[in-house]
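Okay, handing you the structure first.
Chain IDs A, B, C and D follow the sequence of writing; residue 1 opens each chain.
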């Protein structure tokens, strides 16, 4: 069974630059969530707004009733705006966990890169914790518009190496995070490079660019995609994305993804949101 | 100008039996409200629920920015349910003050009765304060279903004499509050009785009954009426009530009332809500 | 902020800005004086006027629905004569276009009301409400049958020299048909939409919420339907359009302009945000300025498809 | 709590309870197994089936609106053959009525799909979706022209022995007309409403939100309109009705029964509350029990006017 019901907000921390961390009392969800899985969250007392919004589970914590589900989110519109205004004690509806998690690297020797763009950082604290526990040494490459947008770095477990990039050069590498990845992969010898694996989450253009970098270096990777989602579990058919080699059909991001292997998305056929 | 805009909730006290006291930071409204005037309050972040709900101003207090507006309300449906769930710091929309206040007794010797049924108690703390300040000695006759429903008595200024009635006899007179009024008026000599004035607020059947008692004793009175209200300031034409002698038209409760002189409402033509 | 040109020209009717308040939601105008300066508005459409005063339906007359409301006021109004004597003169001091919304149970009633309005000082135009039951045709609405509609509009056209707006009912299979009929009859401008027929039921009492059983749905709930209809009518006819249905803010208004409206009307929103129409004028100006739109009229029909 | 009889009989179709999930909002059924026991439902209407698989429209395909949503999925589906081979057998273990929603671009396509469905094990009935553009009539919907509709229903009636439900489009002037036409053609049951035509516009990009430009509005926003149409159809025809449009809880369902529906379908609600249809069955039983309603079917048409 997948959880569906009301949950309580325990904390709602303002991280600055329109970013927040919501801590929700959701033991059933927390107990079974894998990295890159998401939850649908519905806010408001009435039917406006009507639909849930998808959020990756950023971290699983400990709360009064068992696991808490922690969401790292950015205010971009009405749903996230209302969420940001809620006080501890408020209730929201949650459905989850949903979607296919990032698969483990499988190769214990694999160099592992976590490539995050903006609020695409969200799934990586949980993934990092799981990778560290499994003996991997992931390196986080984190790009954002500006220094202040590099939120959530203290949600990561100790022992994660981080490099940052900003569009405006206010922190780390001045430029795109894809360039950091490119550099790293280029520095590997070709055998190691083919064992390398990248986990990627960010805005669509950044993921398309990262996918190209991975393919150029023949490295493996998994991308966690975004889209408007009406349901989150495969029935509204709203979240479709064209897959390579499937000229006549679509994948549904919510159930076939949100994670897809690098090289499997037909970026050409995606319309800008 | 009449105030229209967002205001902050300072306190939201649970008084038991589904009754609450909301203290709102609304200096402009508080500064100009007269007894039995009301405000339209809209809750929720979206457009569902859509319309405001009318509430009498129960008391005007002192707050950080000047006057506060205090509403004594009972949870009966969605709007009041959402209001009751709000935490201090939340914002609601308010329009007001609206409607015609209870007119003063004018006759300094008049025996003054305040007749309240259930949550109809709401306008009387403010009215009491104004009457006391003007040198009257109002007597509150307060009826409710049961002892626990007799809320808000501690909102009254000291010096108000109170008598209560409950349907189930769990406090005060066992029976209707109209019977208390009837008894009081009957005990007056006929000259004093004709100087007596009652201010009445409660459910429609209680007000119709009180109106009949007043007319029987030839006493004066003013009733504060209820109705569904779409706007609160006279334009949606939803709050109409038939007036005596106006076979072809209606009064609008929001602008011609909510207070009407005793004897002016055509109760026969009112449909049960 | 660069100055934005907010004026719009709808055929013979020029408005200082495209924000007009909708009939039945703005009283006779002055009710809103405590909330806004009427002179900030592009125009005001007053409550529907009939030949004689009407008391309207028995209450309950409105019912809240998800993001909307149903109303069955039953066209309570003071009648055209009282309007001319008491209501219209009160609006003379304000710099805004006053439009009379006209209602009739028979074609002759429409004509008679419009005859009385002819030459009235301070009246900028007439809006025909054709969504009312046509008593001579068994209660069917005037607005749903193109033949009846064209005849009605032509009859009114003959007696009025004022800009003539025909307000279309959305309760039709293809709103392009009455749109073309109204234009053929002589309408200068089309306004749409009026309310959608709906119903509320109280499960506890097992009774309709409205005494009238059915009522008209307005408010944000209908916005996507109204937008579509404006888009459709803009393709069907060449006259300017006043769009309405659930508009709550300046961005909603912009959406209606893009769909093809030259001006918008604000209805239900006035009930919950009585100063909102004036705010919308300011916000619209700011929106245009922020988006480098020099003339608000340039937005009309600007949808990129 | 006294036992409530929840069974309803809709002509040839008997349901264990009146809560049915609506086409296009419940996948092929098994997608909901993680959320509820399918055997608790009165019935399941699967996603609209065409003769061949269809990939549907380009995204974006949905758009949120006040208390509603627009969709233009474009009837993405696996096609009738894959349905019979893969989807229908997966539903055999469940004690619920499986209904196939059928879609065609031409009359012959409807007939062919229904022919294939004939005799399929575990299929309780067919629901014709006549709200799709009729490609042989220039894109006009089958459901809006009574003559075309009656012919279509009669053609399908000839090839199927299954209970035949015709699902009406609300985008008409008077829904009584297609209702009568469908019954004349041989419909056993009418279901209504399908979605209302609407449109969303993004003011920033000045583009329609949906790639398809227009879409169908569903959800609580349309509930008052749907209730009215059910009420109207119940007066126009004598066959049983499945009512739908914005139903979110058991009280909403009761309102539809009172308006004249014998059963209800739950659509958009499934997206936000995936276990909701099952909860509604329980809540409905409790509502009836609390209100001394022994048989839920006694509510049908019980509106007091």
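Basically, a residue touches a chain if its C-beta (ideal position, glycine included) is under 8 Å from a C-beta of that chain, and two chains touch if they have at least 3 such contacts.
Nothing here was measured: the structure is a model prediction, and the numbers come from that model.
Under the contact definition, subunit B and subunit C share the contacting chains A, D.
Centroid distances built from C-alpha atoms place A farthest away from subunit B.
With centres taken as mean Cα positions, subunit C sits 47 Å from subunit A.
Averaged C-alpha coordinates put the centre of subunit A at 54 Å from the centre of subunit B. Taking each chain's centre as the average of its CA atoms, subunit C and subunit D sit 34 Å apart.
Residues of subunit D in contact with at least two other chains: 65-68, 219-221. For subunit B, residues touching at least two other chains, in rising order: 46-49. With chains as nodes and touching pairs as edges, the resulting graph is complete, every pair of chains being joined. Of all residues in subunit A, those touching subunit B in their complex are 43-49, 78, 82, 85, 87, 89-90.
Residues 1-2, 4, 40, 42, 46-52, 93, 95, 227-228, 230-231, 233-241, 248-250, 271, 273 of subunit A are the ones touching subunit D in the complex.
Interface residues of subunit D facing subunit C in the complex, by the touch rule stated above, are 63, 65-68, 70, 144, 171-173, 196-201, 203, 205-208, 213-214, 217, 219-225, 227-228, 231, 246, 251, 254-255, 258-259, 287, 302-305.
Within the complex formed with subunit A, the residues of subunit C that make contact are 66-67, 220. Looking at the complex, you find that subunit C touches subunit B at residues 25-27, 31-32, 34-35, 53, 55-56, 58-62, 64-69, 71, 73, 76, 211, 219-221, 248, 268, 270-275.
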